[in-house]
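The next part holds the structures, each set out as structure tokens.
Look at the two complexes coming up: chain A is in both, with chain B in one and chain C in the other.
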Partner chain A sequence: MAVQGAVASRSGLRSALPLLAPAYLWLTVAIFLPLSAMVFFSFMTDLPLSGKPWEFTLGNYAAFFSQSLYLTLLLASLRLGLEVTLWCVVIGYPAAYVLAKVLKGRSREAIFLLVILPFWSNGLVRIFSWAMVLREGGILDTALNAVLPFKINIDLMYSYPAVIIGLVHSYVPYMVLTCYLTLQAIDDSLIEAGRSLGASRLQVLKRVIIPLSMPGLVAGAALIFVPVVGSFMEPRILGGRTGTFYGTVIEDQFVAVFNWPLGAALSFILLAVVLVILAVASPVLKRAA
Partner chain B sequence: MAGVQVSNVSRSFGAHKALDDVSIDFADGGFYALLGPSGSGKTTLLRQIAGFDFPDSGRIAIGGESVERVPVEKRRIGMVFQNYALFPNMSVADNVAFGLSVRGEAKATIATEVQRALDLVQLGKLGERRPHQLSGGQRQRVALARAIVTKPRVLLLDEPLGALDKALRVDMQIELKRIQREIGITTIFVTHDQEEALTMSDRIGILRDGRLVQEGPPEEIYDRPKSEFAATFLGDANIFRGDATGNGIKLPDGTTIAAGIGDRLAAGVKASCAVRPERIRIATDAGTSNGNANTLKGQVSKRIFAGNNSTYFVERAGQTLKVIVQNTGNDRLAEGQDVMLSWSPESTVLIAAS
Partner chain C sequence: MMTTRILQGLGRFYIFLLLAFLYLPIIIMALMSFNVSPFYQLPFEWTTEWYASLWQNDQLIAATWNSLEIAVITTLISVVLGTAASLALYRYDFRGKKFLQALLFPPIAIPWLITGTAMLIFFFGVGIGRGLFAILLGHVALALPYVIVVVSARLQTFAPELEEAARSLGANQWQVTRRVTLPWIMPGVIAGGLFAFAVSFDQFVVSYFLATPGQTTLPVEIYAAIRKGFTPEINAVSTIIIVVSMALMLLTARFFKFGGEK
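Take a look at the complex of A and B:
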């Protein structure tokens, strides 16, 4: 039996090979090769491009541990990731619930489009629109002062909240989409059954709906948390001087300082930290789900 | 426990009248079937009683207390859904415990009550299982245990046996009836399966197009249907249409049929007579009436043998009549044979044309 199974799976693999090859070829060329080059760079003293002398070193990784700045920034970025993820849950989950369970037909399609729209707009355009809205004398400031009887001064630009707003805007569709998919799969009769047993809507939400949609929440959180921790565009443009995070420092190494080896080393440290966090969190989340 | 009174309840969805002035009284402790084809409003009515949806007009009372604007979670009802609706994220015991636990009962009380409910449905040992590890019949029992553990005033069942296969369904019918008797709870049961309605319920309400067609004990509805629809939807019936002659009808070809059941109708109005297939005697000798007042000649066009009985289809004046004959070991009739059909007026129901 076992031998037969192995033979069957081997012949299955052979016939699947033409289907798998393009994807794996692409992954090899587009991701594995550049990434290995980066791993290589991260152990060098300098880039070998300009003909300058170079040698192998662990110094780039040591730099992370010798200077407390990097650790401080990494923690700040992790906190940023956590906060943005949390806001995406707070904003995205109710939206997904309404889309999946309340709206039907045309109105659902229309609202869905509104959720997806930021996805289709260019990231830079998105961020600069926020800059126009949030700055002093900007759209939000002017609008609020036109409505409110007293004078207030909204100057969110170049602040931590501005970075959060920009990032949440960019990433909330992931949360809406993943939660929508799991919420839609929950049979309405489960909600009705809960209520027929005397549970309030809130109790049904806590005991039935949220546990059953946990896979979507977890998937959304992973999709958001990882890129936000490494983000640099939103912090730089919307955060200004307060927008120095781990991601912007990595970007600096590549574009400004031209210290690719250090930038690469910092990236891999971030990758390792994120993987450890996901590995530690996954059994806990799996149990919750 | 409590009875349920539905008075003049109407409910429309857009232009569609799902319930049209329905009044029905469910007595305390009874087992009721709401029977009707799909789209007849039976599920809508059940959902009004449950409180998932509110009527446009009319009154619903549970135990004498008006509830038509009370949300479902405050009505103290138990409901079993067609697809069981067990919470997949909880064990069987947690599913059953749900209603008690949202109410904030003590853990020890919950544990004993859950065990008692699971014992009642004969699943006492499966509390730790997950719903997906159970068979259809077992899930059904869990759903029932979950619905009754909170001691609801009314038990509502929405086609609960629809997803089970035939043999299991019969078992569950008996089981459901036993449990209902044991706890004596008022039970309202939606089904489109007439056999299920006949075998299980104390009373049946037949619905059609949002209206209550007839309501009463199964024997009464079967023996004395008040409409052609009731006659043909609950069981099989041969329908003859003609003009009323007082206590019978005259068919277009002049044949008269005497009816012993049903209100007398003014002579000349359009009327029909309904006769159950098993009430008709079939004989080969012309002129054999077996002392029955109603006789018709016909020709056997088809015979279906079903073991304990045979169904004969008899052609007569462009109409196909159905006759069911018990298998008594007597000679069977061949297709194409001329026959004489006879039945008594006491087996004939006079129905006013609707």
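Take a look at the complex of A and C:
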């Protein structure tokens, strides 16, 4: 559309405003103001509404930096995010490749749908379903003991591996989706050209396919890493007592300990970490868009 | 070539393994909801006892109704507001448009734990408090960006000349929108609506922080039940939920190509 110049711009805004205002007002009230309020509360000693006296303080942030517990848990959550992301790459990327370059036509469409379908179903329920599989006397235990000649006890429930398995199960479709989108955009003739010029399969993979699909890998990694670092429900259900992470500590501040200002400070620190990660990832993502 | 065929066969097998990994736990959970033993013991014996006992659980039924009501209202509000915003972003050029589009990103990208706790603090602070109304406020805000993104994607395939042609034939702005633009973007609007429904119906984290004991949704109720201990009843209700949400997404896929191809 040939609308140009400042005058036209202003009239464009005037026509757009009635259509835009309701949606953006709603987002402001329910997302942007709450996030600002969270920052504000994180500098208070107590909630001003509780009737108790309150004042501004840096104490909530001091708590984070003086008690090594919070920093340790944040690092544990970052490590969890990294491990889950890596597993998703290892499991998801080959699957995306097969989908994009091996399967064709209707079977590709159907399988693609099957892979991303669980992603849009209830996350809580999918995490819970692993409890049936992983616990002692559960399916994995029973099945392995039926096959193996000797008796072993598989009780992965309430352990760190259980948390990893559950989270990878939850997030691997994301990686398949983003990698598939970039992989199927790669022209097959590029791959054939590389092969006919004498490159081995491995070389083509390393020099052509992986570099060209990098935006998908980075997008998938960012989309997985960020929510995993902030996860609390998955570690609670599958990790039990071993499932204490940064997210579960934030949850505790709001539903168990009722130290909201400290919770707000911890949330804000997490938000800062998340924003840094997204900022680092965004140049690659922009190139992809 | 021989190696090519072997590699392709391996690839297909690998996809099969991935699908098994994705679906087996869900299938096992569904089977266990029909098993007699309340401790998930084998051998398997068929029963629908756990589904029958769901009907006796008033708390669960109330929470289910809340979830459905909130999901329907969220869908209606976010589709209307989101479609309007998408049209504005598509039709008009103005300063700050890029910024407004960028603003849709944080609600999707920021972990729900942060958004949820922030809403709790703010709603409490301004006197809205917790409960179903607060949950609805939150759900619409979470669903809006998805609706706008999906509808905008559909609008990209729309030829603006069609609107101009209709206008030059004497149609006013409302007629152009209703008779020309909306019919074209309808698949996107429906897909956006289904997304909104799924975001709301499956939403746990934000609802969890905004719920109160009497005013709660199904996922929050299930989480509470899981933390009390596993029962076949949870399996039964979980199985129902997963069937509903998967059916919903299959429906969405009919209206909206995820792969972005074709």
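Going forward, the second predicted complex is superposed on the first by the 250 of 289 C-alpha atoms of A that agree within 3 Å, B and C clash if a C-alpha of one lies under 4 Å from a C-alpha of the other, contacts with A are read in each partner's own complex, and residues count from 1 in each chain.
Rule of thumb we're sticking to: a residue touches a chain if its C-beta (ideal position, glycine included) is under 8 Å from a C-beta of that chain, and two chains touch if they have at least 3 such contacts.
Quantities reported herein were computed from a predicted structural model and do not represent experimental measurements.
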Worksheet item: Between chain B and chain C, positioned on chain A by superposition, is the outcome a clash or a fit?
Response: fit
Item to complete: With the two complexes superposed on chain A, say which partner A:250 touches: chain B (first), chain C (second), both, or neither.
Response: second
Worksheet item: Now for A:240: first (chain B), second (chain C), both, or neither, which partner does it touch?
Response: neither
Worksheet entry | Most chain A residues touched (candidates chain B, chain C) | C
Practice prompt. Give one of first, second, both or neither to describe whether A:129 is in contact with chain B, with chain C, with both, or with none.
Written response: second
Response to the item:
Quick note, chain A centre (C-alpha) to chain B and to chain C: the enclosed angle in degrees to the nearest 10 is 90
Item to complete: Check whether A:94 is in contact with chain B, with chain C, with both or with neither, and answer first, second, both or neither.
Response: second
Worksheet entry | Contacts of A:184 with chain B and chain C, given as first, second, both or neither | second
Worksheet item: By how many Å are the closest C-alpha atoms of chain B and chain C apart after the superposition?
Response: 6
Item to complete: Would you tell me which residues of chain A are touching chain C in their complex?
Response: 1, 3-4, 6, 8-10, 12-13, 15-17, 19-20, 22-24, 26-27, 29-35, 37-38, 41, 47-49, 91, 94-95, 97-99, 102-103, 109, 111-118, 120-126, 128-133, 137-139, 142, 169, 172-173, 176-177, 180-181, 184, 223, 226-227, 229-233, 236-237, 247, 250-251, 254-255, 260, 263-264, 267, 270-271, 274, 278
Worksheet, complete the sentence: Interface with chain A, chain C side, in the complex: residues 8, 11-12, 14-15, 18-19, 21-26, 28-29, 32, 40-42, 81-82, 84-85, 87-89, 91-96, 100, 103, 106-107, 109-115, 117-125, 137-138, 140-141, 144-145, 148, 160, 198, 202, 204-205, 208-209, 219, 222-223, 226-227, 230, 234-235, 238, 241-242, 245-246, 248-250, 252-253, 258-261
Discussion item. Touching residues of chain B toward chain A in the complex: what are they?
Written reply: 50, 52, 71-74, 76-79, 81-83, 85-89, 98-99, 102-103, 146-147, 150, 156
Item to complete: Please give the residue numbers of chain A that touch chain B in the complex, ascending.
Response: 187, 189-190, 192-200, 203, 207-208, 211-212
